[in-house]
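Note that the chains are named A, B and C in the order they appear, and that numbering of residues resets to 1 at the start of each chain.
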Amino acid sequence: MSRVPPAGGEAPILEVEGVCVRLGGREILRDVGFRVGAGEFTGLIGSNGAGKTTLFRVILGLQSATAGRVLIAGHPRSRRNPLIGYVPQKFLLDPDAPLRARDLVGLGLDAHRLGFPLPSAKRTALIEEMLDAVDARAFADARVGNLSGGEQQRVLIGHALISRPRLLLLDEPLANLDLASGHEIVALLSRISREQQIAVLISAHEMNPLLPVMDRIVYMAAGRAASGTTEEVVRAEVLSDLYGHPVEVLHVHGRVLVVAGAHGDPGVANGALGAIEIVS
Amino acid sequence: MFQGFMVNAWIGASIVAVVAGLVGFFVVLRGSAFVAHAIPNGAFAGAAGAALVGINTIIGLGIFAVLGALGIGWVSRRGRHDVATALVLVFMLGLGALFLSMTVEYAPEIYSLLFGEVLGISSTELTPTIALAVVSVLVIALLYRPLMLSSVLSDVAEARGISAVRVELCFLLMVALTTTMTVPVVGTLLIFSLMIGPPAAARSFTNRPLGALMLSVAFALVSVWAAIAISYKTNYPIGFFVGTISAAQYVLGRVWAAARQRRRPTLGRAPAAAAAS
Amino acid sequence: MSHFLSPVFAPGFFQSSLVQIAVVIGALAAVVSAVVGVFTVLRGQSFAGHAFGDIEATGGSGAYLVGIGPLLGFLIAAVIGAVAMEAIGIQRVRGRDLATGIVLGAALGLAALFLYLETTASSTTGATISVLFGSLFAVSSSTIPLVILLSAVAVTIIAVLFRPLLLSSISPELAAARGIPVRLIGALYLLSLAVAAALAAITIGAILSTALLIGPAATALRLTRSPGRAMLSAGLLGVAATWIGIVLAYDSFLWPPVKQGWPVSFFVVTLVLVFYLLAGLPAAVRARAARTDQRARATASGLAG
């Protein structure tokens, strides 16, 4: 399993080393390792069942690993991770629940503290600032349960960001969004990541929407992972090795397609597809 | 209806309404209507057992309410939540049936345990009620933020170190505590009406969580006050009126929400966005 | 033979006509509850199932007031309750539970009124207890034909609707996409639930009817994924719990402290809960084994690297 050395410089915000997870007799994750540097935008790509959500749960401390370890900014994962902000895939909230977008963002500041949130100008200012940052001003006073998928994503991102994490974890934020909303979210995340030097680890089953903004990619298949830059990882040899059967990588108009290869040697197509990569 | 013995009834009922409104807000938020019904009913078995053994019914009520809360928590971690609630509930009711069959004279007490008999509150009974109410309000105030987040985004809360299991336990115990307090007033069968009708109605009238909390208390107070007044005049049981008024409040809330939806579908949104959407 | 059986069955058990009636009605109720209960658990509507029980308590008290038999009272109240729940008709689970709770609250309030009127009218409160908690041994044999009819109705509805009901219980969207009238099916299911709950109520009382409705079904679903097999197992479990309950209740007439017998309902409910917990044992044992296994691995790999 080739592991690509990290980009040099500052200490990585997230280190995953040799993580294995076994659940119900099945090996969900096998020897998964990668690093996310400070301020890096990393895509965790893999189809359903590849183990992305399990990996997230291990990083967040919701699931214990059978082997391996996770380091956050050099320290082992503890019960509470103020450095990590988490945006779950979806949450079913009653449309009637009396919780405005700004209330949910506000909870991001201090939900773990006991007692009531005392009204303070500073707190309000922080919330307003965050609502601006995620473009949620327009629906700040609407009930969260009533918002569209894209709007809810933004509120959840605001909730995660307001406590100033160093790493933002997003579980398949694009899965239920239409193309336009997905594009907006990616642009928003990229901007925030650059402006505030926050590392972003975003999982998706399709890498193309993230290609323009990804610094690095962690590609998962069948519980294993390969990490590095897109050029290093998204290659037929690497992916075939990962999947365990022949796979081809096609580049079409700047998009990448990973398709099952014709029977034959991994990486070299003999069948009908027969194309060599066209790198645009 | 405001002289002497009625004063205690008004005070006791008001206290119960405040706590039921507060706890009920979270019952509705967490979708735990069944639990709010199950714990009081299970507690009834404790009261019956206490009557059998000859100790104060409130003690029996409290013990079984807590046992029911813990039981539901324990069983639901091992299976489905709604099934767990149902089985723990009926098991405790079954115990209640057993205890009842063994006691000799019980009928009026059982009735008032089930449906409430607010006129029977004495000043000495009021003190523990007030004490428990103060404790309840303090606990809710203390747990407000973690409880809110865990109820709405349990995974995110867990990642922040707020254990969903512990929050659920605290919540169940809060319901148990509320149950124990309501015996003199509304009876075990109907306390849950107070815990779901008013809060469900309240959420239709406001977007804000704190606002909904206050409104929930307000509606609950209206409910018990009206119930006491009408019950006093007609002699019909207070439980009947609480059940009906709570249902009416719920319906009112639904109607209001539907009407508002038609009139202003973009409530809370800035005009520019509304025009654009 | 009788020598062997006598410690278990108190004298006169098999000859008692009350027992015979109880056995027949109890078995029918258990079977119908099993069939309907499997769907109730699949649909996550345990609360609705329980609510019917309490709503029927109202019906029972009302029936007593008016002077008709309890089973009819249960049935009428349950049907009205089903209609009310359908009318409020919410699709989301949370909203549905809330609506169920409201209907239940109103019904119980009504029960309060009925029972109050009863006590002022006739100063007996025996009605409360028998209606709420059941007195299987006091059911007259004249109800048997009605019980058989109702059982047939409920089971037929489920049998006829089996496949569309199964699909719409597991995935309403998929069912709707195939043109299945999800709402209508839901309403018919609710009706059969009302009937099943009425039968269970007659057996172990309105308040406790949920046990027979939910318990065996939930237990069976823990043991098998197939709904057909679940219904079969649930039926067997339910009948077992009911019959054993009847035996124990009959025997308990000889027990201390009061020599008046413990209620059938108590035994049935306890047995149902015990079965449910027992069914969870294999999974719990497996989970524990997996955890110790995992810990051992973690320690080993920790030591190694």
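Here is the rule we use: a residue touches a chain if its C-beta (ideal position, glycine included) is under 8 Å from a C-beta of that chain, and two chains touch if they have at least 3 such contacts.
Small disclaimer: the values here were computed from a predicted structure and weren't measured.
Inter-chain contacts peak for the pair B-C. Distances from each chain's CA mean to the overall CA mean are smallest for chain B.
In terms of their C-alpha centroids, the spacing between subunit A and subunit B amounts to 41 Å. Subunit C has its Cα centroid 46 Å from the Cα centroid of subunit A.
Separating the CA-averaged centres of subunit B and subunit C is a span of 25 Å.
Residue positions of subunit A touching 2 or more other chains: 94, 96.
Residue positions of subunit C with contacts to 2 or more other chains are 94.
Each of the following residues of subunit B touches two or more other chains: 31. Note for the complex: subunit B touches subunit A at residues 29, 31, 141-146, 148-149, 152-153, 155-162, 202-204, 206-209, 211-212, 257, 266-270, 272-273.
Contacts from subunit B toward subunit C in the complex involve residues 28, 31, 33-34, 36-37, 41, 75, 78-80, 82-83, 85-91, 93-98, 100-102, 107-108, 110-111, 114-116, 187, 189-190, 192-193, 196-197, 200, 236-237, 239-244, 246-247, 250-251. Touching subunit B in their complex are the following residues of subunit A: 60-62, 79-81, 84, 86-88, 91, 93-94, 96-100, 103-104, 107, 110-117, 137-144, 146, 156, 159-160.
Note for the complex: subunit C touches subunit B at residues 41, 44-47, 49-50, 54, 93-94, 97-98, 100-113, 115-116, 119, 125, 128-129, 133-134, 205, 207-208, 210-211, 214-215, 218, 222, 257-258, 260-263, 265-266, 268-270, 272-273, 276-277, 280, 284.
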